[in-house]
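There are two complexes below, and they share chain A, which is joined by chain B in the first and by chain C in the second.
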Partner chain A sequence: MTQQQSVYLDYAAATPVDERVLAAMQPYFCDRFYNPSSPYAPSVQVRRDVEDARHRIAQTIGVKPADVILTAGATESINLAMTAVGDGEIITSTIEHPAVLESAKQYSHTLIDVSSTGLIDVDDIVRTITPNTQLVSIGLANNELGTIQPVRRIADAIQRERDRRSQVGESRPLWLHTDASQGVGQLDMTVSRLGVDLLTLNSAKCYGPKQVGLLWRAPGVQLRPIIHGGGQEAGVRSGTENVPGVIGFATALEIAARTRNSETKRLQELRDTLQRHIESGIDIAEINGHQKKRLAGHLHVSVPGIDAERFVFMLESVGVYVATGSACAANHGTRSHVLEAVGMSAQQADGSLRLTLGRHTDDAAIEYAAEQIIIAVQSERDRIGL
Partner chain B sequence: MTKVFVGMSGGVDSSVTASLLVEHGYDVVGVYMKNWSQDLPGMKCPWAEDLADAKRVAVQLGIDFRVFDFENKYREKVVQYMIDEYRAGRTPNPDIMCNQEVKFKLFLDTALEQGADMIATGHYARTRDGELLRAHDENKDQTYFLYRVTSDALRQTIFPLGDYTKDEVREMASKRKLFTATKKESMGVCFVGQVGMREFLSQYVETKPGNIVDKQSGDIVGRHDGAIFYTLGQRHGLDVGGGLPYYVVGKDMDANVVYVSRDLNSQEIWRDKIELESIHWISKPVVDKVQVRTRHRAPLVEATLDATTLHLARSERAVTPGQSAVLYDGERCLGGGIVLH
Partner chain C sequence: MTQQQSVYLDYAAATPVDERVLAAMQPYFCDRFYNPSSPYAPSVQVRRDVEDARHRIAQTIGVKPADVILTAGATESINLAMTAVGDGEIITSTIEHPAVLESAKQYSHTLIDVSSTGLIDVDDIVRTITPNTQLVSIGLANNELGTIQPVRRIADAIQRERDRRSQVGESRPLWLHTDASQGVGQLDMTVSRLGVDLLTLNSAKCYGPKQVGLLWRAPGVQLRPIIHGGGQEAGVRSGTENVPGVIGFATALEIAARTRNSETKRLQELRDTLQRHIESGIDIAEINGHQKKRLAGHLHVSVPGIDAERFVFMLESVGVYVATGSACAANHGTRSHVLEAVGMSAQQADGSLRLTLGRHTDDAAIEYAAEQIIIAVQSERDRIGL
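Then we have the complex of A and B:
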């Protein structure tokens, strides 16, 4: 057997750590290992480096460093964000990541439906808000379909509700949280433009190390700590800082911000090429999600009648790694709640693949992947006579 | 073309089984039997990974693949039986019950309903005209676990691995580049593993600590955390320190007492006469002289069967109530029964 090509098309699940990120982290494992809270000079230097990283992170999203809480990944960030609900209620959508849905379940909450393309209707949120609503949490871009939500318009609607409350003298605050993990490097993360009050980011989705993330919260948002201890992160998140992780995260976010425009354009062209190949090579293929309001590197496609999990195994044998959200054994045999929520038929969901492109995807990778996907579909169709 | 449904567990044996059947020109359907999916304290149930591995191999072989969900029936027929037996102070064999009730009854029936002509599994055993024959690999022979399968079921079953050794099977797997070729062997009862039985039982049976009593002297020599966890003849796991090891020689479930002895030759654990119940025959013996095996891989012992009583030519150690005595006539596995006392 000849050395086969390997094409990774699951950047939405994990991204490789960028070499520059790794290089930035390297000194902090053995040489500069000091606890940033210790009193001697090398520790003080590490403290400065951590705070410098926090500063750089804050700059990429246009906020004050003091309002950035560093966490162990996005799930923790989301769990912490949910505590902003206080004694009020949460509104979120049916297609959110399990980190949001499961956290929301800990509180009084309402789920709103989405359209067949996975888009949230701002009016649905407006209609669902009650005087008891204290937190709205909507992901900036859906991790399965890649659909980008109108977060800015949701923020405007929330501002109108706040104005109403202040006019009638209702004291309950109302906050908007977004998990923007999937959008880093492809979407504008400037908090003032997003209009949110709480923002979650994940280092592992933007070429940084895993188990590093952040929660930004606007001044005035009250959080209840979920991890107690030495009082780090302004008392909101205890535990010795993950120094190499934070340093790496800062570098990763800076690269993402710097390359965003060119990389988004490049990914979109590659994705469109892949989509064209699939549409012309597989007559029964259906493209899911919103065709315009969609992450540049995201392609969600169904081949109804075909078992997508077989596909994953067929493609892995030729070195192409893709995801399926449906009826997957790894998913304990359940269908994706997102695909169910957008009203996808079982057949369409079971035959769906998520292809997500990233920094190392190039023309050759797209050509090879498209070819192998088309071959695999054809051989499955021949086998089952579809 | 003969349509064969093959039970694929995600292990190397059933992977090679499916592969051999494809090569022999059968129309093969791979089936994962989902019998158990619950995690236990400290133990993640590997069913999802096993299912994915089985499916992966099916895809590799280009065959159809299905999942049969037998969780309810398995719980009712195998798990409940196991719990009841332990509660009664006996030591059941859930693998034997699983073969009798699930693999060679429920799986067979479901497969036939869905259009199968035959079923196949990765057991190391052979069949001929509805008879069960020992495997070519004496060390792997699994007929001990299959003696309660009916002759009718065996007529509709293929055991492609019966003529191979385990080493040969592994070699065939790696030659065919099967994904499961290097997978580690699963041990013991399929869903809890050897070490998990204690944790598993603790979930279902309330246990109380009690005394460990020396059978000869009547002295209390230690404490146990539940008589059901102890099996006749067992040495290790007894928390009584010092001197010669103790062996379990009996239990009183009502009094919650475990009896032990330091005498390896204690009459309590050596038997030359075994009373059987629930005798099942695949092939009736033509002579009254048989060979018997009282546990998997134990050496065969000459015996005669008089109605339900087995007379052994030499004494056997730790013949445990609830376990099975399986009868052979040379290479033929005739059937057997469950040890009453």
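Then we have the complex of A and C:
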């Protein structure tokens, strides 16, 4: 029997702060604590450090620093992005993160369906757009299934609609927002290649500190502030800057960009190994999400008949930490809206595990986790006679 | 000549994170990084640690933990507090922080004037209240002048208006909000003694991390979420919890509460010494704000005829860091709205310095700062023939 160890397979829910990120943040807590808006030299230096971080962040997504709005996390970024809808309407999908769905509810909005693999059909968006549509918001990669959306093709369709509006003299703008939080370090975040007008990123999903994020918006996109005050972040988002957080975020994004190619390859190999073990060791296992258009470190499995919540605790007892779905939904004791939206039966959904790999996952971790998952499934099947 | 040292006298703009606070936060970056909403044991422990921190925070202000909403700083807390206005009207004062003034602008609101010392007259509030008033927001201590407002007496007046409404069958509620950020560690924050219904606190003003804050609201106060999503903070404020931030904030508030009496006494003595030096060394110096109802560590001085912005840089060159007004206003190059509101002449306002003392201020710092301020003023007066 393998000696017990601890294997974390829930990087989609939270990532540890990278030691290099923490080291970069460290001086800004007790020593360089100054308010970046104060006029004396040490504060001016802190202001420069914040702006340097903004510059470094901007570089990782290929944009101008002045268009990067630093926020207290992806949820706030998304809520701010949604204000680009103005007096128009939003189109989003049934499988978006609650931050998107709940903030879309504040406006006139339409939800489009997705395929059984969680993939959005660009034609569905095209068919749903009306002259009143002002904002389309589609997550770059789904946080539960790992499915990667055709954001570039959605952007192209949106550009065609813009051209049409321009030709017929319709003045309503049309913007594309993507929450790319789940893809940092695995997908190319270059905004010009994504083709979006608004981009949300989350530090806590890429080995940076929690409650730090950004919203990038193309010049011309009008936002309505949701937090009013001292006028920081070009008046769009007030509040004294989270100096260590911003510095940490910049470092985290730089590491993610620098290691993306090798890390994606490494994670994909590990994930594929884990998938092979599970497929060969559990005959009734079903792999969910799109098998090709999928995050490298993401594996979503259903074992119909198994109670995934019970299963999470069985695995916990042998040191393997996995998720049943998104952490938020898990906490509310409700069935995942994503799994319902892709048409999973209750039995499939209730038997679903999300296994997400990350920077500290290695071969030994995968071998141990696979072994424990297979043992636990067998034990559950024996118990319930499945 | 005194050997050059560095003396920071701008604690009202930013405080260094206390070493004990940082030590409490430290484990939650890289090790206990888990998402508090995940179901496995290490996450459950993090959830417990967050709730324990909420409990400790609640104790320092004498409230139930469930009524404490953790936010990304005072600006967000204030914006959320303002939603308690519902479809009613807000009363606030002309000298509030921009976070209050700018978010009040989103609603029907009335500004009341203050005295030349920055003090609010409770009768002015009483006279301004109409049957449509639903929220009164008054900062506990003004961040520029340091003047402490009669919040308890305002609360009593509000209770009388509530009684009147109840007697005549008017159903509109009436709430009192105070942003007490500037007073933590110097004033009693016990909510029942303050008599308020909503209280904002800011971690960054009390030796905790930046961009962490809280809004306490009494049971019965209806808030409208401004950040929608996963439903954290009882649905009022979504977003994955800032675990290290919250733990740090709790530690900072506990230290502030524990040391309040001795620290207030110490700061007041130091401030009074500084004030005496300035009054005796600069014959044209004027001390602003209320001389009794004033934060212990706060000293606001005008030297009419002196250009305070120039003066800040002169002091910076000898290692003394002071503010001309609030950091936000300073950064925008505009004259302080607070100093205008208390009726200061342009010459007085432009010659104003805010000196705020804190935990690391000692006798030597005060002696050095007083000496340098007096030398610099004399040098300026010689230069301009004042």
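We take it that the second predicted complex is superposed on the first by the 377 of 386 C-alpha atoms of A that agree within 3 Å, B and C clash if a C-alpha of one lies under 4 Å from a C-alpha of the other, contacts with A are read in each partner's own complex, and residues count from 1 in each chain.
By our rule, contacts are C-beta pairs under 8 Å (C-beta built on N, C-alpha and C of every residue); 3 or more make two chains touch, one makes a residue touch a chain.
All values reported here derive from a predicted model rather than from experimental measurement.
Contact with chain C, but none with chain B, is seen for A:Ile227 once the two complexes are overlaid on the shared chain.
Once chain A of one complex is fitted onto chain A of the other, the partner contacts of A:Arg383 are limited to chain B, with no touch recorded for chain C. When the two structures are aligned on the shared chain, A:Met314 is found in touch with chain B, with no touch to chain C.
In the superposition on chain A, A:Tyr107 makes contact with neither chain B nor chain C. Of the two partner chains, chain C is the only one that A:Pro42 touches; chain B does not reach it. Chain A is touched at more residues by one of its partners, and among chain B and chain C that partner is C.
When the two complexes are laid over each other on chain A, chain A has residues 309, 313, 330, 332 in contact with both chain B and chain C.
The residues of chain B lying in touch with chain A in their complex are 37, 48-49, 51-52, 55-56, 59-60, 62, 64-65, 67.
Chain contact summary for the complex, chain A toward chain B: residues 309-310, 313-314, 317, 329-330, 332-333, 379, 383-384.
Chain C meets chain A in the complex at residues 10, 13-19, 22, 29-31, 33-35, 37-43, 72-76, 78-79, 97-99, 102-103, 105-106, 204, 209-211, 226-232, 238-245, 309, 312-313, 315-316, 321-324, 327-328, 330-332.
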